[in-house]
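Note that the chains take the letters A, B, C and D in the order they are written out, and that residue 1 is the start of every chain.
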Amino acid sequence: MLERVPKTKFGMAVQTTEGQSFLAGDALEPFSIQSISKVYTLTLALKSEGEALWKRVGREPSGTAFNSLVQLEYENGTPRNPFINAGAIVIADIVRSNASDCRNALLEFVRARSDNPSVDHDPEVAQSERRTGYRNVALANFIKSFGNLDNYVDEVLDFYFYQCSLSMSCLDLARSFSFLANGGQCPWTGERVLSVSQAKRINAVMLTCGTYDAVGDFAFRVGMPGKSGVGGGIVALIPGRLSVAVWSPGLNPKGNSLAGTLALELFTTKTGVSIF
Amino acid sequence: MLERVPKTKFGMAVQTTEGQSFLAGDALEPFSIQSISKVYTLTLALKSEGEALWKRVGREPSGTAFNSLVQLEYENGTPRNPFINAGAIVIADIVRSNASDCRNALLEFVRARSDNPSVDHDPEVAQSERRTGYRNVALANFIKSFGNLDNYVDEVLDFYFYQCSLSMSCLDLARSFSFLANGGQCPWTGERVLSVSQAKRINAVMLTCGTYDAVGDFAFRVGMPGKSGVGGGIVALIPGRLSVAVWSPGLNPKGNSLAGTLALELFTTKTGVSIF
Amino acid sequence: MLERVPKTKFGMAVQTTEGQSFLAGDALEPFSIQSISKVYTLTLALKSEGEALWKRVGREPSGTAFNSLVQLEYENGTPRNPFINAGAIVIADIVRSNASDCRNALLEFVRARSDNPSVDHDPEVAQSERRTGYRNVALANFIKSFGNLDNYVDEVLDFYFYQCSLSMSCLDLARSFSFLANGGQCPWTGERVLSVSQAKRINAVMLTCGTYDAVGDFAFRVGMPGKSGVGGGIVALIPGRLSVAVWSPGLNPKGNSLAGTLALELFTTKTGVSIF
Amino acid sequence: MLERVPKTKFGMAVQTTEGQSFLAGDALEPFSIQSISKVYTLTLALKSEGEALWKRVGREPSGTAFNSLVQLEYENGTPRNPFINAGAIVIADIVRSNASDCRNALLEFVRARSDNPSVDHDPEVAQSERRTGYRNVALANFIKSFGNLDNYVDEVLDFYFYQCSLSMSCLDLARSFSFLANGGQCPWTGERVLSVSQAKRINAVMLTCGTYDAVGDFAFRVGMPGKSGVGGGIVALIPGRLSVAVWSPGLNPKGNSLAGTLALELFTTKTGVSIF
């Protein structure tokens, strides 16, 4: 499915915590957010489960590919962090255990955070992943064999494939990360989504684990906490100032958007913003 | 299921290539043969596919646990050998592709080889494995993700769980390995099951890969090619002379029958038989 | 040697980029800085070699222990980052190739950066490491076997053990990191040590790789780029504001100062400073 | 050094336990035996230390390259078997601890076993290995860091490089393995070198660990216990019948002699001898 999207697409959106938006290129065109959804489910899991979730998933960079089973075996079924696939599957299990209708809970959350009630998932993408996602089925069954999933494997995977198939634009994404750039509080509704400390911590996990096994390079070149997806999207932020989303479907060998990473590098170089 | 079998059970059967049988203890009581079935499916796959099967599975000891996914990841979905679970799943896929009714083909083969038409599988065991075998489901999906399974994952696993649930006695097992002790030819029917060279090669693979990651210790202490199963059975053989099966459900940390290994060690020490 | 230092020692020093110093406890007592020296040698190597050094050492978190040889083998002798021992040995090789007297070049640099001409190395510590550092000798020879050391192994190790044996106080350390907290420029001399961009990048590498395989936890709890040593010291910083050094010899299982990490966590919680 | 030997060299020698010798090609030309020497030192260590040596080195195939450090790290400095470099270094340490002059003890043993008092080592080869063997220096220091070497690293390596530099012909080698083909007893002197059981066990370890990570393939194709060296030599045997040595310097990707392996495969196919 993803490979059908033209590689020439490029969009970018900046959302300041003071309410301004800046758009460029295909910033309003929805695309498959894929792994970026892991930030939303981690937020939901933190809200319902609190710090106890760190007993079931770590918060260290993996040093290996996003879909590796190696580390999981050496570390007895505890994924290294919530942003590799294995960790996100455990987080999906937690969200599922805590919501009577987890798909709907996620959708409502994302619509509220992006201030866009028309955000939805793409059933064709979900279907395609379910058909071909053998590696993720392997991961989920492997985790289950270690006793680190409470729900049925199929139910967890159903929700996991659903979250990956959410379709959003750069503007939606930049807005939806505003609460993380704003100390846990939604800038326009004033709603407290997470505590100040929790928001900082998600930002820290994004910086050390958010861009697969290229986190060092991303921190080095871009200098912002961020989360990428294989659909070509990346969202990043400067605490207290802004969130920024880019989209370009061509990926580099590490699975991050090639043009997107370059655009963010240029953005921080030109504006001088950086957390470092 | 397997844990319900009393740990005090012990049986042993020797079958010479000249037709004599010797029995001790519970030698006639059927038990779950589990991984010993991998020798039968490898034989069937060799008959139908020939040496081409070695393109899809290696023949080197794994150096890791029987159900490890680590090596599979480092070696891109090619299992190290046909006697670790991953390799047996690929072999099951090959057998399934070559037989219109693979369950029946296997059952007929085993009944003929053991000269016992009442050998059958235990549906309760198969059912139990299907319900709890998350690790094997993970392995099969992982292999599929590398493109090394032709059939649907569920179909391959159905056959794999079936083969593991075959129920046989020590005498059945010792007899069924007679063709491997006799240069590929069934001693009592004269049927050529495999060529001389193929039989030698299966014996070689048993010696280097047949007892999980304890092959070195087994060769060192017992000195015969053999194949073990987590049901507590072990079958071994001296080419040109005899095959021997032992059964005792208590396992050592490597997953081989504790008393069974000791019995075989005593057998080779007392009789002086050894391939070394 | 290190184990002789009383575990009850505790010191802390804060140095703002505007020139203020704050001291607590044993902040003026020198101790063995060990791996903190890797930041100095990386700075020297960047000054002389520029970005070309990244061809010989990566900048990704390792996901494994600081003295692991595993990754080095899988990645053919290219260390993951300059702050694991393997990477620091390659950096030591670079510094040695670029300075006629590398020990002196390092000592002068550290004295200038800490504004303390009496900083020196502890020959007893260097001697002790040379006698017992088998793991580091193994690492250096392993890297040499891949062709990633230009100088003789013994010469590189001599310099490496020397840098680890530097003896400095919390105040020395906090001051010596001021240029990294101040965009690459020494606040009191005005000397430009590194470009703005290079300083940011060293900070980024500290955040993702500076505290062994606890970088995720350190970012999560402390929220500052930092570098630790097995002597019990940690130096961290908030860009544009301050650098802070703590010292307490008792280590946690990951090799970072236990009380030091807690002190830094408390410091950022109480003051509200954080890069996130 | 080794690369100077013409790739066109080929020699073969068969020595029966009844005293006959058969020679072909360059069977009388000495060459560097390299890792084949590990069988001699294992024999010496077994004679002096007995079964206690298995506390310091395993007897399982490694599943990895002969000079890998990975397994050693995961298994805390206990080498998998005595025929990988790490294991042979531990064995060298044991021999050194048990002989006042270990070089001479080895040389006398090899001269007696091969019935050739002119066998000697090649000082140029030893010198060359000492100069370039960084990987082995890394291995030895790594093992020392785990406390699994009693002597100084340099002394152990000196003996290790010495044993690898022994220079012998195919006939020397075939004769020197006669005691292993003959139940531990030298056929022509009647001297009991090892017990029957010990000889069988060394044969078993050769079969499962003797040809690097190609043991499965070697057993599969050749069907004899054997030991290879990177100098292009391989010695193998059929218990109770014969020992055979081949030499051809061109190696396959696993580090075993290419033509030598083919020659042994042809030898067992044509003669029908095989332990399987």
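Observations
One rule holds in what follows: a residue touches a chain if its C-beta (ideal position, glycine included) is under 8 Å from a C-beta of that chain, and two chains touch if they have at least 3 such contacts.
Just so it is clear, the structure is predicted and the values come from calculations on it, not from any experiment.
Between the contact lists of chain C and chain D, the overlap is empty. Farthest chain from chain D, judged by C-alpha centroids: A.
Once the centre of each chain is set as its mean CA position, chain A and chain D turn out to be 55 Å apart. Per-chain Cα centroids separate chain A from chain B by 45 Å.
Chain geometry summary: the mean Cα position of chain B and that of chain D are 32 Å apart. Annotation for chain D: no residues touch two or more other chains.
Chain contacts in this assembly form a single closed ring in which each chain touches exactly two others. In this structure, the chains touch in the following pairs: A-B, A-C, B-D, C-D. Remark: chain B residues 68-70, 73-74, 134-135, 137-142, 144-145, 153 touch chain A in the complex. Put simply, chain B touches chain D in their complex at residues 58-64, 71, 80-81, 197, 199-201, 203-205, 207-209, 213-217, 219-220, 223, 225, 239, 269, 274-276.
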